[in-house]
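Structure below; questions to follow.
Should a chain be cited, it is by its letter among A, B, C and D, assigned in written order, with residues numbered from 1 in that chain.
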Amino acid sequence: MQRAGIAGATGYTGYELIALIHRHPELEVGWLTSERSAGKRFNQIFSTPWDYPLIPLADAYLRTDEVDVVFLCLPHAESMEAVKRFYGAGVRVIDLSADFRLKDVDVYKRWYGVEHSAPELCAEARYGLCELFRSQLGGAQLIASPGCYPTSVNLGLYPLAKAGWLGERVIVDSKSGISGAGRKTTLPFQFVEANENITAYSVGHRHRHIAEMEQVLGAANGEGRDHRFLFTPHLLPVNRGILSTMYVEAPAGVTEERIRELYEENYEGEPFIHLLPAGEQASLAHTVGTNRCAIAITAADPMLPEGGEFVISASIDNLIKGGSGQAVQSYNIAVGLDETAGLE
Amino acid sequence: MQRAGIAGATGYTGYELIALIHRHPELEVGWLTSERSAGKRFNQIFSTPWDYPLIPLADAYLRTDEVDVVFLCLPHAESMEAVKRFYGAGVRVIDLSADFRLKDVDVYKRWYGVEHSAPELCAEARYGLCELFRSQLGGAQLIASPGCYPTSVNLGLYPLAKAGWLGERVIVDSKSGISGAGRKTTLPFQFVEANENITAYSVGHRHRHIAEMEQVLGAANGEGRDHRFLFTPHLLPVNRGILSTMYVEAPAGVTEERIRELYEENYEGEPFIHLLPAGEQASLAHTVGTNRCAIAITAADPMLPEGGEFVISASIDNLIKGGSGQAVQSYNIAVGLDETAGLE
Amino acid sequence: MQRAGIAGATGYTGYELIALIHRHPELEVGWLTSERSAGKRFNQIFSTPWDYPLIPLADAYLRTDEVDVVFLCLPHAESMEAVKRFYGAGVRVIDLSADFRLKDVDVYKRWYGVEHSAPELCAEARYGLCELFRSQLGGAQLIASPGCYPTSVNLGLYPLAKAGWLGERVIVDSKSGISGAGRKTTLPFQFVEANENITAYSVGHRHRHIAEMEQVLGAANGEGRDHRFLFTPHLLPVNRGILSTMYVEAPAGVTEERIRELYEENYEGEPFIHLLPAGEQASLAHTVGTNRCAIAITAADPMLPEGGEFVISASIDNLIKGGSGQAVQSYNIAVGLDETAGLE
Amino acid sequence: MQRAGIAGATGYTGYELIALIHRHPELEVGWLTSERSAGKRFNQIFSTPWDYPLIPLADAYLRTDEVDVVFLCLPHAESMEAVKRFYGAGVRVIDLSADFRLKDVDVYKRWYGVEHSAPELCAEARYGLCELFRSQLGGAQLIASPGCYPTSVNLGLYPLAKAGWLGERVIVDSKSGISGAGRKTTLPFQFVEANENITAYSVGHRHRHIAEMEQVLGAANGEGRDHRFLFTPHLLPVNRGILSTMYVEAPAGVTEERIRELYEENYEGEPFIHLLPAGEQASLAHTVGTNRCAIAITAADPMLPEGGEFVISASIDNLIKGGSGQAVQSYNIAVGLDETAGLE
């Protein structure tokens, strides 16, 4: 058994990680940190019997020898320091923040408004989107686990982009369950405000998650092709799950059937990709509670034999495939376990 | 047209009041107060085109001549001072707080932990449960509008209590929509916490609303009979509505049919009481969005010809019949308008 | 008082119509028809005290003298015969079905797969989108009330289209509450299936509602300009409300501010259009329970000074502005009442 | 690995069973039956990649050699025949219907209105409420898995009943998620009808599940003590979970603390019982997605030192601890596995 430390354990992602670790055959919980709730027990923070002490991060830095891997569920900008400390102490790190996802620290600064304090580790970090970068993850000591929205978009469009079939203009209309906002208590996430409601946010303000789409899909074709992502997230009145409805243009000669074959080739044998048959649309019900990504492909106009517009929809559980599940999956690959361990 | 001032207008009750006033043939909005949002406009606080300025209460005290009636949607304890000021200035006051509901200021102090600063006005105030105390409301200058939970319980049990048929032990299992907690941002009312969940609260801690049940139902029979209310409120994952499921014992000889007749006699011609036929149970769908109270009566054991246990269920919209609608209804009676004006 | 007959009264639209008529100062309920529930009372079908008999349509044909206007809430194709009968008997008809919305009966046949049996009445019918066709509605004897999705799209894009600023490619990502599916009992609309879920449907199958978008927006500019609507409806886990997020391209020189001014000019004084200020997005909370349409305009890239992509979002209550409210609004115009009567 | 057949696999219980079997280290799916969907694949019925054929029950009778255990998720009355066939063929049977839960076939007939066709197997069957009857389950060939409501009530009250402290009158106010109604398409379970609503049902009609409460709790004290259960189930607008709020009377001298100690003794070491500390109430969040039962104990009046009324609340996931999880738990005991296998 390997022991996992979790920093920032009292958010929804931390809770989910612990649940996954409990099911994992080779992992067990080491220490848990929380700045706000240090000194309390985990079962005072959540409705659960899991009775773990919560320690401050500063204490965790002194207890690196008690764990084999650290999962960091800290806010962006705060994660940099923690990564340096744990990585420096020789502990394997899976960072769920945005801090090490972007290869270019200037791009990081532009989107997040913060100078990166560990650019050398950015180069070191592997991007933990397992289906696309599996070969880079074996043995990895530092993994940057992808954001929730980009995971749905990148898995949903990668085969198209890699084949050079993804048009320049990409419109992504995403709907996310409210756990995506974190365990916060601001008014828009209050039950009465969010329930029986839906609204777009960050419209045209260029949501930070676009950076990961540009990094992954722009490079997919090997030619650094540019796409223009018009990404509109919506606050959906469900607890968890993301559905991204994507509007893309493919070149002449490309049919819905051809695209489906392309995806089948790309994702053959992938345990967590669920390609839907013609006529079935992706829904949250396909993926919530699982580490799967469901993908549906539909020609906008079935009368046009080829080319034109397509609607690609992709759904994931934002806390599992878009968060803790993906982190565990990349850990499994890094240490050479069965990739699905604890994730079935 | 009469003009209404609303103090504490930026809670859910304030919003609902404005909506009702907009539909009311004889009322229009005067000023609105808000301590936290003074200086802003109402449509910056809610998703609405209603563009009213928000002023502090202190300013409203200087503008009593601009309004004919003031509706107070202030927290308990804070309402006392405002009632004194507005009532003293000769303005009709409908107070939606708990401050003037209890006739006995010692009882008030026991439940609310605050010394009452205007006992003489407590004696003056009329309890605005219109169906039961209509005769006391004509011309009233100060009305204490009832609490949401007690409205469902008192309307649901009054005929039984008045007939002397309500047993000593009364168990009330209430479920309330989350707007009942106010427009707050504490964790239990956050979407992800409350959605797909239900939990009891204030169990056995003797919720303050019991005082109104004791005051109304204890006196109903004219003999000051004591009942023991075991009241358990639950946080229900809906925006609005209260369902109270009540377990009572009636004396020998009393059948379900006889109770239904009793209720029909008591509530004959009441525009806002919806007595359900045998076999139909009260639901939120009966009342949400309306000023109605739906009441269902069911014998616990239909095989027992008489006496024994009964289940009485009553539903209301907590923000209308349990809040702003009832306040408008009592206003209508006080000024001699059609009781249903603006409430259809 | 005028009396209204409602044919097909036991769907959600019928229920909402009765609620609106109850609030209307000049309308009252005449007869109600239902084929499946004829012989029962309305309050046996819904949780309400409204106790009206339900008669078959065949009986209603014999009682045209009892009503001044008939609202038809029948399925498409079934409405044609009823319109002929009521209109022929000299009764004013507001048809909420799709049967008389499309001017071109060939277009009707193509989308609905049925030969139109009353093409002469199609020419006669006025399209009841009040804000855009008000001048055609005064005195109208036959009004075809618009579909729910097209109402949100047409109101949201008309000023752009009229100005000739609406690009050829229009992507509409709509989310609709489940009452939009009618009071049906098929599996996808079952609580457990739809709750905590979202899914697209009719993707790329060219939803019938596109025809109304083409008819209204194509003609808006006076030049019969063609647009390509890629319309994707989604099943949203809320009872009511539609949010349409629309992705459009405007010509060079057109800024977000300029578009907002354009909308302000077009919709000046409109009682039911709520134009949102810069930075605020349309939500269901803006419109559910009202006859309003809320519209927000946002430049996709605020860094680009002019032209380019815009996100227009529009929300309505599908049962009110997208159904019964709009029908009452057009009735008010037809008979010369205050347009907002019963709709405040 | 052992192979499990599932009869009636296309309901929510069947789906959940398959999910649990996938996580179970020693179980795998054999065949699945469905009468209505025979010939289709499982992934055509649910939004899942699980691609199993569905066969009719008649075919399963011929394939008993392919499975080691059969889980029956059939409607009551239909299960009797299937139990006879599979048990007769020497296959271990876990029956999730009501058919073998009641020891007394006359009681069965009274509640279910059907003559029992296999009374000898009723005597043979063990009641699979693992925490209370574990000792009877080792090696069991036929297990009747308990109902969802009774599981919450029996686990919640058993220690009190066994100690002889449970008063005669027991009031159970239960709230159940809508999956409890099965995968049906009747109107009350339609999204728009159930959402934002709550209603009691089977009030005073003596719900069939009372029989299991009487059987278990009546016998708990060894003296066959009679209790009068007034049980009121409510339809709660959530997908899954049951919360039972129970009102009981305990004898003089019994304090809340004493009851909590009693429960701790009774449930010591139980992996799936979560006794809540004083002041915490049971919620669905404690148990949904798990095989746990959370139990809270609160004195109705904390001022009374002893005796009197208590509120016991218990929550479970109706599909796991109240359904498939409990069935797997009893299977684990029967075959001598770790009781928690597949259930963590």
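The rule is short, and it goes like this: a contact is a pair of C-beta atoms (placed from the backbone, for glycine too) under 8 Å apart; a residue touches a chain by one contact, two chains touch by 3 or more.
In this text, all values refer to a predicted model and were calculated from it rather than measured experimentally.
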Chain whose mean Cα position lies farthest from chain D: C
Selected pair, greater C-beta contact count between A-C and C-D: A-C
Rounded Å distance between chain B and chain C, as computed from the means of their C-alpha atoms: 37
Chain A and chain C, separation of their C-alpha mean positions in angstrom: 39
Centroid spacing, where centroids are CA-atom means, of chain C and chain D in whole angstrom: 47
Interface hub residues of chain C, defined as touching at least two other chains: 177, 193, 195-196, 237-240, 283, 285
Chain B partner contacts - residues on chain D that touch it in the complex: 171, 173, 175, 193, 195-201, 203-206, 230, 232, 234, 236-241, 243, 245, 247, 281-285, 288, 296, 298-302, 309-311, 313
Chain B to chain C touching residues, read off their complex: 22-23, 46-49, 196, 274, 283, 285-286, 289, 292, 294, 344
Chain B to chain A touching residues, read off their complex: 12, 177-179, 183-187, 189-196, 237-239
